[in-house]
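Note that the chains take the letters A, B, C, D and E in the order they are written out, and that residue 1 is the start of every chain.
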Amino acid sequence: MLGSGIIQGLAVTAKNLVGSFHDPARFTTTQYPEERTKLPENYRNFPFLVADAANDPIGSLRCVACQICEKECPPQCIYIEKSKDKKPDAAGKQQFFPAVFDIDTSVCMSCQICVEVCPFDAIKMDQVFEIATPERFNALLLDRGQLAKPNTYYQQIHPTEAAEVDARLAADRKAGEEKAKAAAAAAAAKAAAAKAAPAAPASTAPSAPKSPAVPGTEAPKPPTTA
Amino acid sequence: MSMLNACLLLSSALFCLGLAAALVRSNAILVLLGIELMLNAANLNFIAFWRFGPDAGHSAGVMFVLFSIAVAAAEAAVGLALVIAISRHQRSIRLQEATRLKG
Amino acid sequence: MTAPAPLTDSFLERVPLLVRDFITGWFPEPIRWVVAGLLAALTILLVFATIFALLTLLERKIIARVQNRPGPNRTGLPWLPFTEGRVFGLGQPLADGIKALTKEDIVPRDADQVLHFLAPVVLVAFSLMTFAVIPFGRNLVSVDLDAAVLFFFAAGAGTELAVFMAGWSSHNKYSLLAAMRALAQLISYELPLLLSVVPVVMLAGKLSTTGIVAAQAGWKFGFIPRWFVLSPWGAAGFVIFFIAALAESNRSPFDLPEAESELIAGHLTEYSGFKYALFFMAEYFGMMALSGLGVTLFLGGWQAPLPVLEVIPSYLWFGAKLMLLILLFMWIRATLPRLRMDQLTRLAWKFLVPLALINLGNAAFWHLSAAWPGLPLQAVRYAIGVAVIVIPFFLIGRRLSAGVAPRTYRYAP
Amino acid sequence: MIESPSSPLAPLAGAHVRAVHDAFHGDLLEVSMGPHHPSTHGVFRMMVTLDGETVVKLKPVFGYLHRNHEKLGENTTYLGSMPYTDRLDYFCSMTNNWAYALAVEKLAGQAVPDRAEYLRVILAELTRLLNHTCLAGFLLQDAGASGTPLMYAFREREKILDLFESLSGSRMMCNYQRFGGCRVDPTPAWFDAARRVTEEYPRFLDEYEALITGNEILMARTQGVGRLSAALAVSAGITGPMLRACGVDYDLRKAEPYGFYSRFEFRVPLGDHGDTYDRYMIRILEMRESVKILQQALRDIPAGPIFDSKAKIRAFRPKAGEAYGRIEGPKGEIGFYLISDGTGNPYRYRIRPPSFVNLTVLEDMCLGHTIADAVIILGSIDIVLGEVDR
Amino acid sequence: MTFAFAFLAVLMVASAGVAMLLRNLIHSALLLVLSWAGVAAFYLWAGAQFVAFAQLLVYVGAISMVVLFAVLLTRRSAGSVADVEPATFARAAAGLLAAGLVGGVLGATMLRSHFPTATGEAPKISVHDIGVDLMGPQVAALLVVGVILTVSLIGAVVIAATDPAATDKEDKP
């Protein structure tokens, strides 16, 4: 019958009109700024730099300025200048650090590739999305100070992923320490032996916290596991 | 001058304007509009006589105007249909160019 | 509008007239009718402008709710207590108004300046004029004309001209297309609109709106109102009238002149600021006026549906029925896609006009068979009345929708 | 007065064009629809020549969104192009990712774990649901339905986008597939959510169809409008639902099963008229089939790794050679053609975008119809300008 | 009373006169509509309410629409939507002379002649009276007009639609 389809359609819209008043499955709006949906743990926005010490973020960056992310970044929004000197990292090993680390968030496309290629777990994705600004030029160019955020923050926004990273780092560090200890013991033993047999060259202690990821050999770390 | 005379003067003025338009303009639509204006002028007379004439209130005046309006509507419809047909055939609605009856 | 209120009415019923008499009482007798007229015009303007403002919000809210959104709910009235400044977005019309008033009025350089200016003015003026003959209540009609229905359509004719003026003067191709569409559409739907009204005029025997409302007074068996819509020809006429009214007021699914997805905004493309607001207002005025006419002609005007409900003053009944029709307008807008131009004209000429003509005969039959005695015969009369309109509906409808049907699909083997 | 249409397919549509040309008497009105027009789906421009309201000539103009994608691809690492594929057809980033990953995996001879293959199917079918739902909404919006069908479509799309967001971290720019698997392993909670969405989808489709499919106005607007003959469709290289609406049985999932599609039961709906209504209905029916695939995939997905442990993330250098990977995207066949010279960047990076190819027959479909029809015909092609212009 | 008449008279004559002078066809048409509306106002002023509304409905509502439609349908190009070329001098002179002569004769007659005029109340004619009149004494005329309208409408459709090359034009009234 002519018009039956129209009447059927009118019935559907009427159902939705009424449904929007009582059925949360139909009426899905959240009144953003006042109400906020919970961000999923995997949500990513722009990168930030993980720092181990909350009180001195810039001083305790994990980043060693290896510049892999700078090279891999598809839109090339990362700019790094390696430091001239070295300073000890969390494990106490002497490392370079980024003297300048800028990310232009107006160019960044949040692809997460920098995170995936970083061998040091030093750069992670942030969840701050309210970064709009009326300033047209430099306000979206984030520098080292703005990018550095403590590990506790990372644990807060990506708990599963952070726990895994921490565990891995701790294991590595422990392994490293044991290795160092063993190396030290070996060195001591060697020294003792050297004492016995002098003129043997004293080997330097092997690098303590060797990064877990050797480029190209390790699968990308799955941030969450089933 | 009585009101009736004034009305009749007005109507003749309108009639002349319509006539002038029908004679002077070459655009078919404007000619048609001029003719409509002349019809209106005539209608105005009927109402004037109905209102002020010697036999005021006789319904014939009003009736005539009603019929005249109805016929004017028909006339406009046919006239403009002709104009459209002419424009389709000749790609122009200048009356000087509409010299053939055959399509 | 100068007749005194009959004392038989309830006090509430007489309130508007008493107010009018109170105000006109300050003026000397010879100019009282002028004052009364001005007062009526002013009241209509104020009341309907307010309703317009609220309707814009209501429409947005309703369409939003149909679409499962909250609709405008941010702009409140800051001075209202206990609302934190936002109550149902009630400040939205106000904010829109301020915005429209303060926005720059842009006139294209090549536009026809005079017509571009005149179009919205003419449109609002003519659409307001139509309110003059609608009886809003028992004693509330601005001008009780003998040929009121004719006046309504005569005044409505001006609005079509204004839409054309707007479209043509903008000197924009979209606007020009819209002007063509508006003309074709309005010419096409004027006819079914008038033809659907003719049976009412025929059965009421009057062209005056008050007379038509009076003809629908009373109750059959003491509780069924004698509204025309409750008879077969009246129901059919009302549906035809409503469809034609949708088209005449450029509402979806007949909003072709301003078709947003095709012609951007059609004749409104080159209008901004206050002129745009005037167009918007005129569209709502047109919708309200046509709904008001529909209420008057088919839904018994200001009459209450039940004798006991007559305590509620008549103007409120009128308002309620008007709102009902307007909600129907909005509901339809929220649901249907738009027709195409040729389908639009075909619907008018090949469907509505024939049905309206048949309905004319139906109404004549209804009128002639009014005296059939006895309930069974009356039932037969009703059945015939329904059949006379429903059978052609099916037949013409089938022809109209020939070649258009739901399809079944095959799957790859 | 009008030149013969510039389209190379003119001979096929020639008779129609000539008929319109002969019928043409009045003066033409040339309207530039776009690049800023509400219904050109982005910055697309149609130079429409109208006789009254009838389209006698239509010249599509695009390139307003050209981003040099293919050249960029040659100067970026293989992985670096992956996020750019998200931005081709931003409704279908998951399938774009897959097509690109497939091409690179072919190039590098990279294997993919079973679980990842299943995940890819699930995500591709979710993308198909998402894309077709949106298309149905947009088409109705173009037909003038003041937003209601579009809003319903967006309401449902949101549920799928939520799934994507909780899995990949981004709603539309998923950047999820990797060469040799997927990036993130979904949690059991995610699977539950996906099952729920899949279960509820047919109900939404029923409601949507009740709202609009039987609507006489929609049928009158779309049936017989924008007919595309099977011959023209095949010779123009049309793919996807648009081709199947013409009655040509060609679905890469069946014709050249990639991934694990051969393991699933589903049917391929075909249209008989090739008009706008068929294109709309084919998509609706495909969504119902997608739901079936999703149910099977979500039921059967095995445990295991999602990423091949031998795959490289950094210093990825496939051996020299070429490969073409293609899948049945929601809009049609999306393919990536790569030539490797053994370095970290592809030597040649070429995309076969379904939107662009499907758009080529726009004029042939629009001629003789009105401007209002042109809008819905364009809507039924289902283009995304990001993919057309690249 | 007289003032209203004078105002209407000036309105009608001025708008019609200017309409005939303008080159812009659309402006001419719209001004003529104004003139027709003035005629309707005159009817209203004279007390013929029904006729006035009928005039408005038919002229402003219908004829003007058809005229404008015709203007748009016959326009030659998008650029010059409505411009008409001026008449040649000879033609203009001849036309104006003829119209002037007719006008002179008519005007002189009107001014010279003294019609007997009715005095007193304005006549009243209600819709009911008109209806009774139409259905009673004038029924034959009504039928004839009805037939004329029908025939002319069908004729108009046929004339406008039977273009050998026209395929599916819009349905025209």
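The rule is simple: contacts are C-beta pairs under 8 Å (C-beta built on N, C-alpha and C of every residue); 3 or more make two chains touch, one makes a residue touch a chain.
These numbers come from a predicted model, not from an experiment.
**Student:** Considering only chains that satisfy the touch condition with chain A, which of them also satisfy it with chain C?
**Tutor:** Touching chain A as well as chain C, we find D.
**Student:** By number of C-beta pairs in contact, which two chains lead?
**Tutor:** B-E
**Student:** Looking at C-alpha means, what's the farthest chain from chain B?
**Tutor:** Of all the other chains, the one whose centre lies farthest from chain B is A.
**Student:** What is the chain whose Cα centre is as far as it gets from that of chain C?
**Tutor:** Chain A.
**Student:** In whole angstrom, how far does the Cα centroid of chain B sit from the Cα centroid of chain C?
**Tutor:** 34
**Student:** Find the geometric centre of each of chain D and chain E from their Cα atoms only, then give the gap between the two centres in Å, rounded to an integer.
**Tutor:** About 58 Å separates the centre of chain D from that of chain E.
**Student:** Would you mind pulling out the distance in Å between where the CA atoms of chain A average out and where those of chain E do?
**Tutor:** Taking the mean C-alpha position of each chain, the two centres sit 82 Å apart.
**Student:** Chain A: which residues touch two or more other chains?
**Tutor:** Only 2-3, 6, 9, 12-13, 16, 26, 28 qualify.
**Student:** Indicate the residues of chain D shared as contacts by at least two other chains.
**Tutor:** 25-26, 29-30, 52-53, 148, 152, 155, 211-219
**Student:** Among the residues of chain E, which are close enough to touch at least two other chains?
**Tutor:** Each of 50, 54, 62, 66, 69, 73, 76, 78, 163, 166, 170, 173 in chain E touches at least two other chains.
**Student:** Considering the complex alone, what residue numbers of chain A touch chain D?
**Tutor:** 2-6, 8-9, 11-13, 16, 26, 28, 40-44, 68, 72-74, 109-113, 116-117, 125, 215-220, 222-226
**Student:** Tell me, which parts of chain C touch chain D in their complex?
**Tutor:** Residues of chain C touching chain D: 63, 66-69, 173-174, 176-177, 180-181, 252-253, 255-256, 259-264, 333-343, 401, 403-407, 409-413.
**Student:** Contact residues on chain E for chain B in the complex?
**Tutor:** 2, 5, 9, 12-13, 16-17, 19-20, 25, 28-29, 32, 35-36, 39, 42-43, 46-48, 50-51, 54-55, 58-59, 62-63, 66-67, 69-71, 73-74, 76, 84-85, 87, 91-92, 94-96, 98-100, 102-103, 106-107, 110-111, 113-118, 122-125, 129-130, 133-134, 138, 141-142, 145, 148-149, 152-153, 155-157, 159-160, 162-164, 166, 172-173
**Student:** Could you list, by residue number, the parts of chain A that touch chain C in their complex?
**Tutor:** Within the complex, chain A touches chain C at residues 1-3, 6, 9-10, 12-14, 16-17, 19-21, 26-29, 31.
**Student:** Which stretch or stretches of chain D touch chain C in the complex?
**Tutor:** Chain D reaches chain C through residues 29-31, 37-39, 50, 52-53, 140-148, 151-152, 155, 211-221, 223-224, 249, 251, 254, 267-273, 277-278, 281-282, 285, 370-373, 375.
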